[in-house]
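Reading through the structure tokens given below for one structure.
Every chain is named by a letter (A, B, C and D) in the order it is written, and numbering of its residues begins at 1.
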Amino acid sequence: MSSSFGKNFKIMTFGESHGEAVGAVIDGVVPGIKISKEDIQKELDKRKPGQSKITTLRKEKDEVHILSGIFEGKTTGHPICLVVYNKNQDSSAYDNLKDIFRPGHADFTYLKKYGIRDYRGGGRSSGRETVGRVAAGAVAKRMLGGIKIIAYTKEVAGTIAKTVDLTEIEKNPVRCPDKEAAKEIEKKILKARKEGDSLGGIIEVIVKNCPSGLGEPVFDKLDADIAKAVMSIGAVKGIEFGAGFSIKNLKGSSDNDEFYLDKNSGKVRQKTNKSGGILGGISSGEDILFRVAVKPTASIAKDQFTVDTKGKRKKISIKGRHDPCLCPRIIPVVENMVAIVLADAIMQQERIKGNKK
Amino acid sequence: MSSSFGKNFKIMTFGESHGEAVGAVIDGVVPGIKISKEDIQKELDKRKPGQSKITTLRKEKDEVHILSGIFEGKTTGHPICLVVYNKNQDSSAYDNLKDIFRPGHADFTYLKKYGIRDYRGGGRSSGRETVGRVAAGAVAKRMLGGIKIIAYTKEVAGTIAKTVDLTEIEKNPVRCPDKEAAKEIEKKILKARKEGDSLGGIIEVIVKNCPSGLGEPVFDKLDADIAKAVMSIGAVKGIEFGAGFSIKNLKGSSDNDEFYLDKNSGKVRQKTNKSGGILGGISSGEDILFRVAVKPTASIAKDQFTVDTKGKRKKISIKGRHDPCLCPRIIPVVENMVAIVLADAIMQQERIKGNKK
Amino acid sequence: MSSSFGKNFKIMTFGESHGEAVGAVIDGVVPGIKISKEDIQKELDKRKPGQSKITTLRKEKDEVHILSGIFEGKTTGHPICLVVYNKNQDSSAYDNLKDIFRPGHADFTYLKKYGIRDYRGGGRSSGRETVGRVAAGAVAKRMLGGIKIIAYTKEVAGTIAKTVDLTEIEKNPVRCPDKEAAKEIEKKILKARKEGDSLGGIIEVIVKNCPSGLGEPVFDKLDADIAKAVMSIGAVKGIEFGAGFSIKNLKGSSDNDEFYLDKNSGKVRQKTNKSGGILGGISSGEDILFRVAVKPTASIAKDQFTVDTKGKRKKISIKGRHDPCLCPRIIPVVENMVAIVLADAIMQQERIKGNKK
Amino acid sequence: MSSSFGKNFKIMTFGESHGEAVGAVIDGVVPGIKISKEDIQKELDKRKPGQSKITTLRKEKDEVHILSGIFEGKTTGHPICLVVYNKNQDSSAYDNLKDIFRPGHADFTYLKKYGIRDYRGGGRSSGRETVGRVAAGAVAKRMLGGIKIIAYTKEVAGTIAKTVDLTEIEKNPVRCPDKEAAKEIEKKILKARKEGDSLGGIIEVIVKNCPSGLGEPVFDKLDADIAKAVMSIGAVKGIEFGAGFSIKNLKGSSDNDEFYLDKNSGKVRQKTNKSGGILGGISSGEDILFRVAVKPTASIAKDQFTVDTKGKRKKISIKGRHDPCLCPRIIPVVENMVAIVLADAIMQQERIKGNKK
């Protein structure tokens, strides 16, 4: 019941998988920012289904329509409504699932919560909901100046990216920065699909050129806000910053990042980055680093047992064209959610700067 | 700059480590709830310094004062202001640190953000800030009915709790549910202190008797809100629900929790709990399960190198009485933050129930 | 820059006068509420231009499209996106006004604030913005149970409705509850139009069957929230509840409403209603009563002097089809804004009731 | 249940009339602003009881205590907690009123809403609640630069201030800018008190030097936000801006303010100010002008009839020391609420300016 996000850069997303449309309204965009339909379409294209042989084979064009808030190529400071109309949704495939609780899905909890459920394609609980996030994020990115947000597949089914070549990411369908690892993961994903199964994985995110000073202690810390933004994406089950869970084996003396004066930039920097670019909830100017745990796609063709709404046991096999591994397509969603958090944090910090005189 | 948290059960915390007081105001408490000063004091006592030989040796009574919102032992529906006055704070110890960026601390980022910094004991970035969270959480707990939130130290420096005996937790200073592991961890903590160092660890949290239906997709999902609440606590660097990061090695067929009808309760249940009690961002009725990564205390007596505000290199050794491992004292903070999230989610869901007729 | 309204029943409206569309997204609608496209269209029809000879003669069908949140005729608990596409907007009429500050309009302040301005038809500052409010209000009305909100033209240009016959309101184009006054006002409006001028007036609002207990002291008092909702409508310059500004001549002994026990209903009632149905910011169960001051339409054909963006003096005459008196068409906007405030307050109060056990 | 106000400059007030304390926490104050205890005390002194022979004769010192957020005389960017402890509250006077619904008071509605009521001195519904508003407003005022907010008694019981000499306001206990009117009003107030009665009145407010560009259409318009802020003060029953309710008799040609270029300042100005300094919800740079209707004090010594909680008829006479006319003491409350709204709006607008590059 809360499809609203952000304090300054506020978005409200809407839309069900098999409804009329999905999209977002953004309230709080600063006026005078240049933005084109292409800027938004580019992000949606990174997310759209049917991009490669390892994603769902469904083809959807996902064309964005700008209904408001942009005038002569610039933001006006008024709400920007972005809509992607759903096309050719075939809901009949869901008729036989309408009274069944699919394992790993939100069917059961949605019915418990709302007492009513749009079962067609998962309704609002579908990954299709993220179209609104990505469209809004595309606008947020225009407010980030030189900040770059880069996400990639770090690990799937035991195969880990050992090198990080950022130029490699968009060259393979896995979105993995290690060419060799990418090939291996691709094979594993195709094999899982053939077996009617799916794979989980780890996404890693780097934010470069982030200025120091973003984040609002004590509750709206930058890492807390990023955690919420990313954990709110379906299929995400964990997040860790910098050294993350491995700090259980570190000591203060090995975990603390030493400060030094960088002669070139004249800036205070840190020799290591175990903190992941955030200290006390505020960006330090070092790269922001975090990793995200992505669960295997819940929709699988393999036989599973479950119950229906009357509690009767059922054997099901979920047909349809589902992504056998969510990592490649969640990557643009993560990037754009981080963009929204950063745009919000920047606006918040500008407020201080403006007044600090 | 944001010390506000919650949508229905709204809190605003305040106070610096060496200022006049720390505390919280809660706006949105339902009227007519029985609550006593002791209910709040009990939670603060679990958090207070000087509880055992493995925590800081500083002694603070941390007595709560209720300034408003309670009348004849019941909440009135109006803001509850809870204050703990700071006593005997000795700020002189911080005079020599006033221009120094302590590694692992927020000194540098606070100065970058605010341009001004209360250096005495870390000011607002101190762990002392959590007094307000715990006091507010104590009120939240009174709104949770039969829900129980239990947190404990799961792992420190390679020692893992192998058994989980909930009755054991409060019997050892580590707050570990495995007696033997507790002893080993205690030794390791004492050794670290002797060496002028500190240890990180993992806290595990179980929420029992949580009704299904809590959490507000698509952004205010229960796991997203818990993630934000917990990640906003100083020293927390990661969170994972259910199978967490280990899902990178799972397949859909092994990760999906099978639904079945429990004959005894007549309820639909899940045979496993890899999802950690939350599906699609909504509680399923199974135990909520998550783990939290806690970094080693940044304040250590061992020599460290850093710079001062002018960029000059400095060698420092942080004296004072600091917790050599934060896990035992962060536990009540985590529990109470979760209580606040749940109280908020319950109020939100009541709203639906009330109107669903 | 804030097109968001409401805490529980949250709306975000969007759209410019001559852009692609106007509309609203509503986040927070309780699931399971029956609603049809006709329910919404009916409200929009009350607001649409070209209804009668005393409103603007522009004809717009203003057909609503429901893009999300309704499934099989019921709300799902997810955001409802309502869109009205703009048709046949002729922006060329505004080309000669693009650099001119129209007196009584927001041209000057919008440019000062945003540094950019969609001058076509006033852009976001146009009364057309209220389409989103009315569409959202139509949904809110479905959550009000037996509550009735009735607004009508009370006074225009010295002619006052002396009788209040609620059945009369929709029978005349002035929406006046006094047949004779309606005729006189109609004549005055037509005369003003002929003279290239416009008229101000007073709208009166009665809310019947409002339960006691709505409103949230100390800031979100029901009268304060209604005041904000109504004052945010363009052209509204004042609001007064109950005895209103006439209390300047009252004494405590004449202003206080006496409580008595109503034998029929068994309820505590008030003999008079000088308080306008709200005591201490909370509805008392008596009719809520308030009056709204509506300024004369700023767009007039009569010659006026002003300056352009370079400060050069200009004589202008605003052509186009404008309402010569805004009262009749603001009435549905006021009603629906009050509906939104009440739906929000009801949800808030349900939260208390649900938890009060 | 909502004692929270503001989006950027956020306050949470707390406290009951006869509880431990009243006060406010402010979250969102920009760091680095110079502020002293005296700055806050000065505002509280303007509000405190017992100032003159025409206010309540109760004497309360109302000394403010700053618990947090200020370091070395400057704001730190962290929450400022301001507390005024209640002294010598004699609650016994209220024992006989504990089951009685005082006419014109919130006793009845509070009980209906909350099911529980702190009857001592009105509890949270008491005017004493405004101490928190005034203390917070004193901080807000430090963020307003050259803006001046001036409120005064315009009219009481038929006597109207005919001249407006701002230097006169603080020279008479009525806070009236017309010396002669002040004397007459003072006499009328004293006479009303002698008769066991009370008087209503009108307060007028001028905001000078307000920059253009403040206010956030379409909902958070500056006049809408001021209306909410002021209408949320107890006893306020109406508000009107500029020409206000008198526009019912104006035409577009007489209401529209003509723009011209002021040669001296080089600024675009308006020849008249019927709009009250706000156009389209945004400040225009002209003085902001509004008037507020204040009801007669509900607590009067004269006999009144009412019922108790069981519906039994009762005759009551409210003893105690109450203000016979609320205008003089509401003036600082209005001023400080406006200061809070303006500080919030300025922060919001800075956000745009900061990003507009």
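Here, a residue touches a chain if its C-beta (ideal position, glycine included) is under 8 Å from a C-beta of that chain, and two chains touch if they have at least 3 such contacts.
Given the structure is predicted, the values throughout are model-derived calculations rather than measurements.
Considering every other chain in turn, the ones in contact with both chain A and chain B prove to be C, D. The chain with its Cα centre farthest from the Cα centre of chain C is B.
Chain centres here are Cα averages; for chain A and chain D they lie 46 Å apart.
Mean C-alpha position of chain C lies 26 Å from that of chain D.
Averaging C-alpha coordinates per chain places the centre of chain A 39 Å away from that of chain C. Looking at chain D, residues 1-4, 13, 31-32, 77-78, 113-115, 124, 217, 348, 352, 356 sit in touch with two or more other chains. Residues 8, 30-33, 77-78, 143, 217, 346-348, 350-356 of chain B are the ones touching chain C in the complex.
Contacts from chain C toward chain A in the complex involve residues 1-4, 10, 12-16, 19-23, 25, 27-28, 31-32, 65-69, 71, 74-81, 83, 113-118, 123-124. Of all residues in chain D, only 1-5, 7, 13, 101, 103-106, 108-110, 112-115, 124-125, 129, 155-158, 192, 197-202, 212-221, 223-225, 227-229, 231-232, 234, 237-245, 247-261, 266, 268, 275-276, 278-285, 291, 293-300, 302, 304-307, 311-313, 348-349, 352, 356 touch chain C in the complex they form.
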